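The structure appears right after this line, and notes come after that.
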């Protein structure tokens, strides 16, 4: 297995030297050099960044390029170059390359992935669902979390394009953290409807599954994410799921739940994207729990960078 | 028919004198006077405001009160009083009252109602629908406007609780006005997708049907209106209608349409309630057409007050 | 013991009737009636509000007034009056009054007091202090909480003049709630310095002891509170206490702690009163934990009102 | 005629190759190469951007440079170079150049010019003026539009330095578009004074004639434009014109008209430059019509870029 | 002379008693009492406020009323009443009244007037003008201050409707104060053009002469003041005066001066009404000198209230 | 003495040529060239900026580097290079260098230093202190200004990292300028407590002594400056000094003084860093005097740049 060494991560490629280490191919183009010959320019990436690399084949440039698969991982042999000298512009001249199979590399070298144990996080959600008393909310949550495709997406989606928890698995991690804070808030304020607050905490960001397009190389907005934003998409997914239940949720309960999700970006006048002010204790609690978790995460991520 | 004279509207009841004119009963309670006798205190209204009135029966106060129907229109005979003297606090002492039937009063004396001709306004919408080329948008609009219950609600709903077009029929009036501005904008900018813009103009506020509770006496938010706001409710109604069509609207078109509705309060950072910035020419046009119509209406309504 | 009945609280004095129940005398003045006779006008209060009352003595008005003690509790016998009729302006005509001793009334009828058990709250603080590892922070906290006068003030001060936790004991209650949220945040983010965060949570509002003047009747700002605000006063009290310790706290630790307190109202540009942005994970966490607790409390207090 | 081909516009000069196509000379300087020889460095432009070019004469560099006329159009023969390699920094090495006369090039290749037909736009303004009933406003408009120098400037000025309609003829185009929207608004709201609104629509931006300095190569602020802004300059021009009329406009009408121009950037507190809030229906309508046209134009211009 | 005693000013009329003291008649109406008789209701004022008063003539009410002159000063004999009792609503029942001539009252009892010596203030302006070196600015200032009508208005106008220096003579007082601060700023920063700054300081608010309508009783906006605001009116007056000079001011100097006046409310984005940002040292200095003087005046006026 | 010529300042090193002139060494590192040889890369500075320079020794690179002293001034002989050609990236190739002693260079070539005479400025402060009547404030000021270490720091500290007076001596210069403005304000408003205002003006920024770390090469925040900001540090220094006096300052006076310092960034809601609004005339005056001086300084500094 070709585990990357620390000095081989892209952010550390800052001296002129020979290397052999795996990268993802993020992009490729064929270019023409001054001497008239064609060469292949690649954009390589690992979890620390991107770097330009070039292959100068003697012939068959097009075929070679056609055989390079985007978003696949290759073992690259070549040299790190700096041009112009002292410009801090480093690139790689590739001498050899070889596609690696899934067991020949460590995915964690390439994708930015949550460091927390997904199973444990999912267990916390499941335990919470088991302890929900309200039969409608329990059904709703069970319906979401018995859908394997949903669970897979929920466990792997990032929580943001930039900002906080912007890595694979970030959505699950963030949702559980918000849930934990909400548990404490419910302990402090017995007036709060726990079942409602916990359901809101777990589901408030589910729309991010559809709002982001993510893979080894990057996180981006989908067309839906760009034009409708995750607040609306989350509500839409919850609505659709409620309609598919075999019981009819009381309309007031449905409105209360949707309200929490719609208002979780806080007061309208702040201009952070909520179309309604949080108007119930549960909505206020969810907004501030979400904000607390996100803001602490941001400063810790930035400090660690 | 007991048409109200100008001096008999509530806002003009500012001198001590005898009157006979119809009012709506907005509220009633039984109270006890200093002398120990019960009397009935009413809140009367017409389209210009509210006033307190009292009936002092000799006996059977409860039965009399039970026979007074809230939100019905009564011909009231009595005197206007000012107490304390010079306090500008006027009330009515009722001597006689009589329930009027529908043909004995003019509804326009009581409800604040659009002055424009509903049929003509509806015709403008129908003509627009007929000229839509996009088959999906045409179907969607036809489906809404072939639903009589919807059309009735759309024609009678107010467009706001306070602010602009805050009277019965205001939604229809405002929607047609926005449509007209959008027609001009499409003439100016041929790059704009007319079908999409017109559909957005017609449907952008449909959620107000569910967001407001209104009658002769007042306009108020429904629970849904308070907790979800009309932007979301409009989208939800459009989504539901699209799902009920016998053709499948292309996902991209649906997203474009929902985007216009979600973003029609303008840029998120303004804090006016849009959860996404308007990001397409049609969404930008709809937002500013809506704003133009509303703001001119406000100043004209205020000037006229 | 003269425990107030529900209908005898000031907010419920809304019908003309005879009463006998205790009140605090918040204010008194001697006035002259139209007939030339003097009478005493009182401002009475209980925990639900204030009401005007009058005593019309036959003679010796001045002596009677001199014997009425402000901020003391009296059993009042008299009648509730409404003048002008139907004005909803109620006042009390006092026939008899009698000063009550401490065991003749229930303090909770008069002062707005935290409903939580102070001993239990103080125990949570003490347990936290015992578990602090950093010797300087532990000393600092022990020094504060071994000072009986400080503890008394800390347990009885309100947390605000208006807004959240604006009742006696509110400071203690709020501080412990923020501490609980900080414990959860520390569980979620192991990168956080727990000792520092807990110390900040406990001490962040200590300046409120000096910023508010409070008694049975009202909460008000002191001159210091008005001109310096509790952020600065808290820092000043912490600084003074640190200087009085028999060990010298490392300067960096002191700066970190003061930073948390100074920045706990969030980013400077929000205009909420912090003179520096929260720049450490502990400061960010404290700010948002404080905000979360306060905002949920506000909506629950308002809902309950 | 040397009409530019699509691939010869500056924004498309992104490969190393030989070219022959016309450019404007926006700037020139004489520089000294490493080998001690002088050369001429030019800044060339067309409507799509700017590019650096160099002439390396064997001798007489100064004379050659003196004969190159700024803001004139030359047919340039030479090669496109990229240095450093792969830097995307393209420049032109000029082998030959020849000044073109007016009929040898197409102005539209160089200046960013309105695509709409000026005559048709001017006709819409003239028709509007003919239909104005108010004699003072009609005189005022006629006086402006019978001044040929003014009409020339009004037809050719841009409407902005950056942002919307930032090309030659943009002012005319924008003014007519705003007028069209105002016609629709007048149809919707019969309470509006049409003559006043149309006059305001036509004249609201006339100050831009003096606020911008523009030519083939660029749009910039004049000293007056920078220090006084077009709102004030427009008012000043209108005032001056009113004073030159042979009738005396009623003071109130003059104030109403100036008010519309001064307030057309909307409410003062928005910080968009109006020194007074729009306070009349006409002023509110003009502001929002102006904003609608500008904002839709911006997104369409950006989409097209 | 009937100089008002302290206890006779309206703000001190808070006990039931007999009075004899002068007031301005601000308004009058004839009303009908419950007993059917007519009486005259007056609104009286002095510099401390307004109060309602009533005259109950036996007959000839209309003639009596016709002979009462608005905005004139009368010696009023009568009694102060409180109705309803304890309502703090005081009014005056008038027994006798007599119109006073100019030498029978002290104007300062009625109008809120600057306490500073106008002559001394005008002298400071004149000395400044004498010391101006720039011949154009000197001519401009001389032209303004040799116009007696202008000087009269400039000396008596208030500087605001509410806020700072909102009394007769406030404009002169404020202008001289701003000038003084500007003198200090010029001492500190030799880079500043003194002549320009002083001219701006003296003239920056001249438009207030036309923007306010003021008399003994009140300060209000004129139509011009409401629709054009004093920034523009000041510029317009300066422009007009410049055009009337027998020398031609260099255009750049005129632009610089107008710029200072237009921008003296600070940066556009603050939303305080400047249509351009202050962009020269003189404009920045004038804005902040103006702001400093106004803000200190406000707090001193409020403290004194 | 090696006084720098104008063309030798770093901002003017924009042509390829030979130079001999002194610089500060701001930074140094050893690097390895393509040919495998080591060289020394320096960051040189003077008061106009920074430039990269390189020494290519034949041998003993490490020893040579060790003998180069950071923040010392060296006479540098070498050539100015541009690489890549036409890139405007200039650097220096050093041929010879020699450390200069204090009398061989002019400090003003390197450090950005106040141009005003420090003695004169200090005299203005001393004269002010002598004229203070309030014995406590006089003692406080004397205590600060009899501390030589404090005076040295106060005379040499900058007033900002960027923005206004951001050079050595800027704090003294700014404090005296604010004082001068406050003298004028006190003349205008006799209600102001001069002693208090002058003391606040002199001491309002003393915390900058501890908030900035500065030397020949740069101004930066200290840890304290970053985490506590100068408002708090100033108050803390004043508090500490007050506690060290042999008289006890009345608590109210101390609160008033601290209030001025804490609030001198203006209203809390502006988000400029004050934790309390200025609530006294002196605090309002200090805030606006400070702002006036800073804003005029900024535009003059920028104009001069």
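First chain written, first letter: the chains are A, B, C, D, E and F, and each begins at residue 1.
By our rule, contacts are C-beta pairs under 8 Å (C-beta built on N, C-alpha and C of every residue); 3 or more make two chains touch, one makes a residue touch a chain.
The structure presented is a predicted model; accordingly, all values stated were derived computationally and were not measured.
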Pair in E-F, D-E or B-D that repeats A-B, with over half of contact pairs matching by residue number: D-E
Same or different residue numbers at the chain B/chain D copy interface, by half rule: same
Identity of the chain that, by mean CA position, is farthest from chain E: A
Rounded Å distance between chain C and chain D, as computed from the means of their C-alpha atoms: 64
Distance between chain centroids, defined by C-alpha means - chain A, chain C (Å): 45
For chain C, residues contacting two or more additional chains: 84, 280
Of all residues in chain C, those that touch chain F in their complex: 223-224, 226-229, 231-232, 235-236, 239, 252, 255-256, 258-259, 262, 265, 267-276, 279-280
Complex interface listing, chain C residues touching chain A: 177, 180-181, 183-185, 187-189, 191-192, 278, 280-281, 284-285, 288-289, 291-293, 295-300, 303-304
